[in-house]
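What follows is a group of structures, each given as structure tokens.
Two complexes are shown next, each including chain A; its partner changes from chain B in the first to chain C in the second.
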Partner chain A sequence: MDQMTLNVRTAVVRVDGLSRRYGATRALDQVDLTLERGITGLLGPNGAGKTTLLSILATVSEPDAGRVSAFGLDPRDAAERVEIRRRLGYLPQELGYHRHFTVAAFLDYVAILKEITDRRRRAEEVARVLAAVGLEDRARSRIRALSGGMRQRLGIAQALLGSPDLLILDEPTAGLDPEQRLRFRELLSGLPGDPVTVLSTHQADDIAAICPQVVVLLQGQVHFAGTPSELAATAAGRAWAAGERDDRAHLSWRGGDNRWRHIGDHPPAGAELVSPTVEDGYLMLSHAAGGR
Partner chain B sequence: MTATGGGPALPAAGTAALADGHAPASLIARSRDVRLRTVLGLARVEAPLLARSLLALAGLIAGGAVVWVLIATMQPLWWSAGWRIGAGQLILGMTVLAAAQLAAGRARRDSMTDLYASFPATAGTRTLGYLVGLAGAVPASLVLLGAGAVVVQARGAIGSPSVTVLAAGVVLVIAAGAVGIAIGTRFAHPLAGVIGALLMFLPEATSHLSSGAGLWLVPWDILQNQLGNLPGPLAGYPPAGGHLLELAGVALLAGVVALAMTVRGAWARGGLAVAGVVAVPVIAFAAVAQLSPVPTTELNHLVTEIADPASVQHCTTANDVRYCLYPGFGRDLLSLEAPVDGVLARVPARPGQALTVGQIVAPQDITNEYLFYGHSQQQVTRWNAQIMREPASVPSASAFYLSVGRWPAGGGRLADAHFNVALTAAEWAVRLLSPDTLPTEQPCVPVDQAREPIAIWLAILATHPPASGLQNDGGMTAVEVHNTLVPTWTNAGGPVGQINGSAPQLTDAGYLLAKAMTSLPEQKVSQVLRGTWATWLNEHTTDARLAAALGIRMPSVPKPSLAGPGPGQPGLKTVGQPGPQSPVCTS
Partner chain C sequence: MTNSSPGAAGPVAGADGHPGEDLLASYAAGAIDEVAAWSVEAHLTACGRCRSALSAHVDAERLAHNRSVLLVRAAIGDGGRLRRVLRRGGLPDHVLGLVAATPSLRRSWLLSVMGVLAVVAGEAAAVRYGWITAGSPGRIPGYPGQNLAPFLLVGPLLVLAGVAAAFLPMFDPACRLAAAAPFSGFVLLLARSVSALAAALVPVAAAAFLLPGPGWLPVALMLPSLTLCAFALAAATVLPPRAAAVMAAILWAVPALLLAVDDVPLLIVQRNAQFGCAAVLCACAVVLLARRDRFEWGWIR
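Right after this comes the complex of A and B.
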């Protein structure tokens, strides 16, 4: 699946033949994608190239080959790159903070860097995103006093400043507790303006819950692009439930009901065929690509 | 949704012109106005952060302390005080440099470079914001300047402040901040700012190694000693305008360097190159201006003021005493009159020759290396010869002189200075000022002469100095007179006021007897003195006779001890070391 594209209703971001190497390591290899308005989940194991792809989409780094276009703008051109950034919200995977800033002061500072220069509008924006991530009561707290989860929400809040058209979130749910994850899903689902949202995650259930589109990136290449149900369908007829472990399965694990779930081509003895999940589909793809 | 072969997606309403791959001009039109507002917005955040930073606050306090120490020890002469206030700005500048470096390196230090790189505000815009945000250091600089000015004024300032010198101090702080930003854009580690601040101070710490006018090229020369000894401002010395220009050039160049490291656009880089090309010659021109010699006409005028003060000084006669002061120093008159009048009021009869109290510039306070830099050796020799003819170089029994800039503005040092003036006036009254002894020679010693304790007693009653200023050193110092060690006395307050004249070296015996005299009613002592005043002035009238006339016992004088450092004054020595013989005072 070298050249996979989402056939979309509104393609806004297009990636053509994108490649990026770090020394001998090929992080991205001829990636083609078009992204539409709405949420696209990016799944892949560690080292698959997700963060590299997102940082290129965020105009933070440049590809060795290939091109990106967002809103018809080419980030290789300085002026157009700035214009893309004016429409961008980005949460890097590893984000430090100015820990001596207060939460509100930090967001205000980021808002200025996002060229929201009107003070009143900036204050409104800060209040809006703080409420969106549930940190309104911590506005005056120093960032160093926040828990890891709160800092992650603050990172999401800064990405939402200015109601970006292109929202790139690299593992936004890392560090969030279950309730916060649910609130995050609610937040993303209700974003005004239906922005192009790309989020990378290891949480397949997050993808299944909120992403109409999903891309699986393995070893720097796009191995799947489609809906979550289509991804789940790739494991159709190959997900089983049984009372015993079967060594022929690609993957086996005991579930909460004390039964073994198997992903593989051969049904174990006495096994019962079950409906595949997004996770099953992802695991099948990963296995097929030699990722496991 | 199906996977396809990577064909182009269709543009749709509400989405920019995606299909042709080009953005409409309206999208990419980058508003300068937006960028300017972003810079100002950043500056509005950075400026208060800088103003409230602990580093800037520490710099303000430390700079204030430096200014206080430098001003408190000097006569408040504006032509010197302005530079001393600037020394505080140097300290503030060092901390502002460190704070600015921290701000400029903040994103990298806090692992936020990726996020910052995704913002429309470019690194160049941010750097410009930091640079404009240096305005946050200006209030601290102005507070330092204002507080220093208030202190100088409150202590009775002489002269008027130089706006150029004071402004140069503020520009120094801004230039230091710009250097800090230039460092921070390249080196994010806090240590880089600390090293930068120390390097900023290094030229000052080694300025004593520089020769000639090179002194003025360092960020700020703290001590400026010589200035405080001049009788007025000297045009072109120090070269304040050149230094202001140098600092402004450094600020510009540092800003250019900071921006050059962050700006990407060809036009912007071209503009920076032009700014850099402007800054370097400005600095060079300023350096040349500072290295230029002080104009000959100015130095001629100064040397005349020093060698022949009468040509410029204003003289006033009060209570038959003549006071001659340089223009602007008139407010010192009352401070001088009080102790002199206090003595004269108790003296039964004055010497025939009236007393003159004047001001001089002591030749030893003039440092050729800096003042006469760039002039021919012949000219310098001529000037030096003139300077050596200043009035205090001639022995006089009826005059003494105060060095310019040494008169304290207040506090305990002023009390000491008052006592010293009173003591010298009393020495004149009892004819102890020698017409035969050059001030540079060994002073005479009034060994066992009654007029010595009388002079000390007169000075004590005229000024009532604190007891701490009148202690004797218990025989630690002595002079040799006729091969006999005589314990000497110098008031513990020291030579405050820097009085130049042919004054004698006083003895412990005289001091102790004077102290005993103060235990008697003043009226009783005055009565004894008034009756036979001429007798008491005779050099052969002994301490014992005075004690007997007053009905008090002669105090015992401590024997010279065998340890202790010598005070380093002519004729004085540490006991036990060989020294020259001192003459006995004669009438």
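Right after this comes the complex of A and C.
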């Protein structure tokens, strides 16, 4: 028990040499990673292996090679796997719902799966997470009657049941409107106990706003692990703003101010050097890896 | 606070017939004994002034929390009459809560099962009593002289379908949550399978009783049905779950059809077949127990 307590206090999640294939497709290739307490953002294009990595961290899938350790526990051991799951909150990318359930009944069901067997305690937990995601007035609604954004919030709510110590969220902000995303960021930043939180997203601004650590996964490999400012710095001196499109740039897109933003080694004519953002750094890495 | 006033205020009433501020504050904080609380509550039901006075002592945050917990409890409900009966029978409420998500326990599923049974049993009865003739359009070709063949084919398959729906990941939209949860996947699987089995066996056995066949038919159908389900579960520990269910269905349907073609479908539920089923059932139970870890890890891979 003392050893267990010690492990929780020094908790990190370690991933060593993780590989996973689906037929001929290599989803993960020798991934090494260390996750500390706090929020880690996982960035990568579709098919980069983010969902596979998160499902292995959530003990839902097995790797073909390599090992995972969470809180000093090894998921290959049945008892230790259950112990990891007791501390886990997981939002899969495509969470299905029993659509005939009410919101409260669904959360009650998930709370039972999380071994909260006392009815009163379950009701209190359900009320707590519903309030956390702003769905307290929807407790009686059937899931089939909820909008996509509400279902996503319901998915986040179920992950929060039991105040997990390891929170794995696969694209939690998909389907949320800007106000809901802000509320989600606030919620995640204010979670008590400072859990180890991993969230995958396509939204670089989510990463910049709430993640002290960011990992970029490209083609099943970790191409970057560091802070958001370090990621932005990878594009330092290579982010430009100009009035015209430049074909020599690695990437060009028109911004809201009607000016073109360029990522590349050659400054377009009349371009001015701009401060790189997290998105610039990510796109630079992605381009260098040939992922786009 | 004194106990002097009579009437609705009862023993908690003060000199003016109402509970004092201190008593109301203690009541709001949950700091008085049960008997005094009942007395206060008896008074509150009849006195609007004291209800208003009480609201000033209530912690608004605590009240809001209690309100939301009560709303959640109301929204969850108690699961209906059957769940109440089973709970009174000693089954743990949380297990009943897990079973409630079993698709083959839904009303629509059970009605479909009864519909199919009504058709095959009705056809058998109609042939037996001469309401339709052997050559009429209501008869299924290929089963000359054996009006029980369709029922013998379909009955156990319906039971298997119910159990398969209870454990196949494709029928559980939230299966990834179950897979990542600490609750034992094997126990969940068994709880759902047993409840689906019971729910499907009841209408199959009832239909078998109504059929114009031998009186032992309902009992004789039990063992093959159980064996089929156990085989599917055991096979799911070595094969993808869907393939396991399909294989079990084929293993029942092929001999049932072959025997029907030869006009002897009842052989499949007679003594030797029953012994065979019992042996397979035991073997499947051993495999299932030995390989139960499969349902804790990698089940939905």
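FYI, the second predicted complex is superposed on the first by the 281 of 292 C-alpha atoms of A that agree within 3 Å, B and C clash if a C-alpha of one lies under 4 Å from a C-alpha of the other, contacts with A are read in each partner's own complex, and residues count from 1 in each chain.
Going forward, a residue touches a chain if its C-beta (ideal position, glycine included) is under 8 Å from a C-beta of that chain, and two chains touch if they have at least 3 such contacts.
Keep in mind it's a predicted model, so treat the numbers as computed, not measured.
**Q** Since both structures carry chain A, what do chain B and chain C do when superposed there: clash or fit?
**A** clash
**Q** Which partner does A:252 reach: the first (chain B), the second (chain C), both, or neither?
**A** neither
**Q** Report for A:201: first if it touches chain B alone, second if chain C alone, otherwise both or neither.
**A** In the superposition, A:201 contacts neither chain B nor chain C.
**Q** Return first, second, both or neither, reflecting whether A:12 touches chain B, chain C, both chains, or no partner chain.
**A** It touches chain B, and chain C stays clear.
**Q** Just chain B (first), just chain C (second), both, or neither: which does A:74 touch?
**A** It touches chain B, and chain C stays clear.
**Q** Looking at A:95 after the superposition, I want to know if it touches chain B, chain C, both of them or none. Which is it: first, second, both, neither?
**A** Both chain B and chain C are touched by A:95.
**Q** Is A:103 contacted by the first partner chain B, the second partner chain C, both or neither?
**A** Second partner only.
**Q** Applying the touch criterion given at the start, work out whether A:136 contacts chain B, chain C, both or neither, answering first, second, both or neither.
**A** Second partner only, chain C.
**Q** May I ask you to decide whether A:112 touches chain B, chain C, both, or neither, giving the answer as first, second, both or neither?
**A** Both partners.
**Q** Check the residue A:124 against both partner chains and state whether it touches chain B (first), chain C (second), both, or neither.
**A** After superposition on chain A, A:124 lies in contact with chain C alone.
**Q** Would you tell me the residues on chain A in contact with chain B in one complex that are also in contact with chain C in the other?
**A** 55, 58-60, 78, 82-83, 85-86, 88, 90, 92, 95-99, 105, 108-110, 112-115, 117, 158
**Q** Which chain A residues qualify as touching chain B in the complex?
**A** Where chain A meets chain B, its residues are 1, 3-12, 14, 16, 32, 34, 36, 55, 58-60, 69, 71-74, 77-80, 82-83, 85-86, 88, 90-92, 94-99, 105, 108-110, 112-115, 117, 158, 213, 224-227, 230.
**Q** Give the list of chain A residues in touch with chain C in this complex.
**A** Checking each residue of chain A against chain C gives 55, 58-62, 78, 81-83, 85-86, 88, 90, 92, 95-106, 108-110, 112-115, 117, 119-120, 122-124, 126-127, 130-131, 136, 139-140, 158.
**Q** Note which residues of chain B are touching chain A in the complex, please.
**A** Contact set of chain B toward chain A: 1-12, 14-24, 27-28, 30, 34, 37-38, 40-42, 45, 106, 110-112, 114-122, 126, 264-265.
**Q** Which of the residues in chain C come into contact with chain A in the complex?
**A** So the residues of chain C in touch with chain A come to 65, 68-69, 71-77, 92-94, 97-98, 100-101, 106, 172-183, 188, 293, 296-298, 300-301.
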